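Two complexes come next, and they have one chain in common, chain A, joined by chain B in the first and chain C in the second.
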Partner chain A sequence: MGGIIILILKGYILTVAGLCALYAIRHLIFAYDRLLGKQRIFYGDIIDDELPSVSVLVPMHNEEKVAPNILKLLVEADYPRDRYEVIPINDHSEDKTKEIIDEFAQKYDFIHPLHRYSGKRGKPAGLNDALKMVKGEIVLIFDADYLPPKGIIKELAVNFKDPIVGAVMGRVIPINADKNLLTKLLDLERCGGYQVDQQARYNLNLIPQYGGTVGGFRKDIVLETGGFDENVLAEDTELTYRMYTSGYKVVYANRAECWEEAPEDWEVRARQVKRWSRGHNQVMFKYFFKVLKSKHLTFFQKFDGILLLMVYLIPALLLLGWLDLLILFFLGDINIIAPVFVMLVLLLFSGIGNFAPFYEIATGTMIDGLTKRVRLLPFLMFNFVFNGVYITLGFWQAFLDFVKRNREIHWDKTERFREEEVVE
Partner chain B sequence: MRKKDNLKEKILPHRAYRIIKLDTFELIGSFIAIFLIFIAVFSFFPLILEKGIEFCKEFLDTLYVSAVFEINHRNFLIFDVPYIETYGKYPTKNFAILTLIVSFILAIALYKNKYLKNISMTLFVLVFINILSALYFIFFSQYFPYSLSSFSYLFISTSVINWAVLMFIFGLLIAPIPANFFLKIIVYILISLSVVVLGFLRYLLIIVVLKEYTYIFMPVLFLGFGIIVDYVYAVMLYGFFVSFVTASLLKKVDEWRWVE
Partner chain C sequence: MIEVVFFMIFFLFVFPFALSYVLASGKERLNIDLNYTKNPRYFAVSFRKKITRALTLASAISKDSRVEVQLSKKEYIKYGKFNNLTFSLFPNHIYVITNRSFTIKKGTVIKKEIYALYDLIIEDDCFLRAVACDGNCIIHNDVIIVRWIDAIKSLKVGSGCSLGVVGSSKGNLHLDKNNIFTRLYGYPVTTYGIKDKKYDEFSIVIEKTLRENPVELEGTDSKPVYVKGDIFSDENIKLKNVIVEGTIFSFKNIYLENVVVGSPDRKVSVIGEKVTLGKNVKIYGYVQANTKYGKIA
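The block that comes next holds the complex of A and B.
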């Protein structure tokens, strides 16, 4: 009996180590591709006088600290006014968000507020309500803490001139990267994740991900396929897989950069990671077999799609793997496992979740020209336990959501830190 | 338009359109050179191991005049691994209880801490391993499966595999970086040397700690201060190298080309 248990423990370690190695190779290919490969440009350089009509949705819940900034920037956006509307979605706010939105709506006739004080809370529910009043053929979404530059609406919308494009994603850059160690590390992860990971997946015709903000989609496709699933916390990942399994593509627009406010507090970051993990794993349970069976995806897209679906499962498996190692150590059976242990260490630095490995980050910082921050790379090791714990908690919640259908889902809003006006 | 009038060659491209200019010959040369160094180091591994262990033994002989340290060899995969054989000591029950109490207090303090949560959670895990170890030695001391000699072999054999894997990986990472060929070779050798040399120093330190403070710290030293630490040096050096390369690339517009 003891022998079988040890065999299972070793088998588990071997499986996890194999998966880790697979991810390490996948990201190495991405880093090489961004550094050495032919780059695919998005459609941003198309000059077109017949731009599609666009509705910009801004979901807001108690966003008085940031709402004036984003509304002011959206008012100044460079886009033909007859094809442009802004819909701030006030979702059960209890602060001054409503007053701020109404003040802007009075001044600008292309701002059409949606105030929600009844019905289900949360981003997917808010978006579904807003979709009913949207006039544009293209819907772009910005979270309330984002600071969109003047030309970004055009840069994102122009991609939809290609009928195969179902969604588009821009690049996210933290505005408060210098604030503390957490924001600096998040900036590094974002740099690797967008400049290298997303761009390489786009280059290689794999699955670039729509991230739910600084991006958009065709209204018709989303409405025809039933709107947003209000029981899924990662409506962005869900939409990505819905697009691909329906035969549409997601474009990654690396040049369409938008500033965001990264969490400055570890507790806030913990809640964010847990929510992402829960949402992403919900999508994994929903789409795992759909991806495998899809007729619209190539072999490599399926392969990458499955790996992408599993990114928030791996940390949970890895954490169990470390516990497994500890047991094997005390049982005195670790010797044969030693080389495999090396592979586990590899993933420590590979970062986890959809966060980029250290060599992907280094490639990103080199292209971005970040000379000093890259020296913080060894600190990523300390994120392993932190991310692992909260991602595992999120995975567990998603698993319960899957087993006990119709579980109540609460949207956990990310706290804002902005103290002063950043838009003049 | 004449080539010299092409403005794109005079302007540093926006980061979204940047791509490194490649000299295919130099790139292939870098991969080959690094691979050859890797093979050379790999073939000298037995000698490097032997010398490293001899150094450790000499140091320990000087430190503990009355203790006995012997070099033994065992086969591990394709290597004949030398390691130091010596004796250590089990913790007394009182020391195990004291370790348990101190670790428990530390664990609570780390759990309550709200600053630099990533670092405190990592330390929490290490303290948690120590709590398990203390409990093990309080209740099942007689079942502890390692002696200092067997642990010494385990540590060295794991490190050997780790060093080989690490050199291979960092070879793949350093070769395509757009830097001077010789600089890349130097950095590769530096990273390889640092993990091996510092690895031996850590091996030495761990033997001293286990000899002085008993086997109770063996699990935490293996899982927390084992081969993971090799990655810290390597990634740190790699990060500094990339930082240096990035700074120099920003000054040279002609090192970049626009995405077409």
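The block that comes next holds the complex of A and C.
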């Protein structure tokens, strides 16, 4: 009996190490593709006078610090006014968000506010209510702390001229990258994640991901498939997989760049990571077999789709792996090969695992032409351990959501740090 | 001894982090121009703006008519009327030519930008970096443009030319055989053998956007195929005797012959990995191929 348990424990270590190696190879391929591979042409290059009608949704909950900035920028957007509307969604705000929105709505007839002071709270619920009043064929979403440039609406909307495009995602860049160590590290993560990872997935015709902001989708597809699931915290990942398993594709638009405000506080970041992990893993439980069975996906798309679904599961598996190694050690059954595995797992995950894609970040900073910040790469090891803990907590929450089907979900809003208006 | 080893390990662990933090300090953020909107003539428009600003700001053009301008680095402008331009004249200057009509003679090599305020003719075998022309611009044969060429009124290109990154005109951009391009913009872009013909009958009418892999449509000279929407494909698109109201986009190759794309009321695009334009093609708007993969057959 004891022998079987030890065999299982050793087998588990081998499996985790194998998975780590798989992610490392994946990141290496993506970095190679961005450095030396053929870059796929963009829909964003299209210039056409006939553009789809667009509704821009801005979910807001107590956003008085940032609301004026985004509304000013959306008012100035370069898009035909007869095909454009902005819907700020005021979701149970207790500060001056309502007054700010109403002031803009009085001045501009294409701003149609939605004030929600009853019903379920949270982004998916707010979006579902807004979808009922949306006039445009295409829905674009910007979080309230984002600063959309003048041309970005056109740059995103033009992707939908191709009928098989179901959703589009732009590039996110932290405006407060220089604020402190955390924002610098997040800036590096974003750089690798968008400039390399997302773009390579687009180049290789795999699964670029819709990220819930600086992007959008076709209204009809979402309504026909039941709107947003209000019990899923990662409505963006859910939408990505819904699109792919329904026969549509998600496009990544690298040139549609938009500034966001990255968390400046480790506690806020921890809550954000936990929420993302919980939401992403909820989607994993929901779509794992749907992806495998889908008739619309190629073999490589299924493979990448599964790896992407498991991204927030791996850190939890890794922490269990470390525990597994400790047990083996105290059982006295850790032989000469085991420490090699310890090192292997540690190295693969700390250095090149699924959340510390060093190749990608180094490649991304080089493409962006900003090379000074790449010197912070060693710090990503700390970031990885930090993320790993909160991702694991998020995973277990998602697991409980899966087991207790009707569990109530509370939306945890990310705190804003902006102290002054950045748009004049 | 063991203490020394532990100290070394500790130091080796901490040192790279401390060093990296110090080396990465300071401000470095990816900039976004919040006012940016896409413009296919961006290089030329931005260049004109900078030159005009520099000339306006110069309190008086100096004795040798030289003005300083900040482009990607500090450059000098040579401004005035010229009889001739040769490489040896002012090799490190941007020329702003004020002649009513000016001709760049056969075989001229100029490694800086040229800005003609009126009409411009470029004779055979010239090698130029970038050209902005506010009037009509005519290019003869076998001319190489390294970066971009833009004419406000019209741009007519002979055969065997290479148009660099962008060839553009606010008006008509007409191209003869055997030219190479990356991006074109004109209102319209036309190729050799152009016929302005109106059609009352069509062999097939496709009412909406066409999304197929691949797309091959062929009408007849008297009865073309009429596509009322756009055409998108992951594979090749080959069109002969076709009228398309909207945009044509392929992730692979596009071949057009006797084709009209867009209309005077609708600016559109033709975008593909490789784009080959045959005879009698008229495109109202923008054409883009991946670097060096655009040609006039």
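Following the convention adopted for this analysis, the second predicted complex is superposed on the first by the 403 of 424 C-alpha atoms of A that agree within 3 Å, B and C clash if a C-alpha of one lies under 4 Å from a C-alpha of the other, contacts with A are read in each partner's own complex, and residues count from 1 in each chain.
Here is the rule we use: contacts are C-beta pairs under 8 Å (C-beta built on N, C-alpha and C of every residue); 3 or more make two chains touch, one makes a residue touch a chain.
Since the structure is predicted, the reported quantities are computational estimates derived from the model, not experimental observations.
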In the superposed arrangement, does A:326 touch chain B (first), chain C (second), both or neither?
-> first
Figure out whether A:41 sits in contact with chain B (first) or chain C (second), or with both, or with neither.
-> both
What is the contact status of A:224 with respect to chain B (first) and chain C (second): first, second, both, or neither?
-> neither
Can A:50 be said to touch chain B (first), chain C (second), both, or neither?
-> second
Given the touch rule stated above, what does A:181 touch, chain B (first), chain C (second), both, or neither?
-> both
Would you sort A:366 into first (chain B), second (chain C), both or neither based on which partner it touches?
-> first
For A:99, decide between first (touching chain B), second (touching chain C), both and neither.
-> neither
Considering only the touch criterion stated at the top, classify A:378 as touching first (chain B), second (chain C), both, or neither.
-> both
Return the chain, chain B or chain C, that is in touch with more residues of chain A.
-> B
Where chain A meets both chain C and chain B, residue numbers | 41, 181, 257, 368, 370, 372, 374-379
Would you tell me which residues of chain A are touching chain C in their complex?
-> 40-41, 43-50, 73, 78, 147, 149-151, 154-155, 161-164, 173-175, 177-178, 181, 184, 187, 191, 257-259, 368, 370, 372-379, 423
Write out the stretch or stretches of chain A touching chain B in their complex.
-> 28, 32, 35-36, 39, 41, 171, 181-182, 185, 195, 254-255, 257, 266-267, 270, 322, 325-326, 329-332, 334-335, 338-339, 341-343, 345-346, 348-349, 358-359, 362, 365-372, 374-386, 389
Could you please specify the touching residues of chain B with respect to chain A in the complex?
-> 14-20, 22, 27, 77, 114-119, 121-122, 124-125, 129, 132, 136, 145-146, 154, 157-158, 161-162, 165, 169, 172-173, 176-178, 219, 222-223, 227-228, 231-232, 235-236, 238-240, 242-243, 245-247, 249-250, 259-260
Counting only contacts in the complex, chain C reaches chain A at residues 16-17, 20-21, 23-24, 26-30, 32-38, 40, 209, 211, 230, 232, 246-247, 249, 251, 265-269, 271-273, 285-286, 288, 290
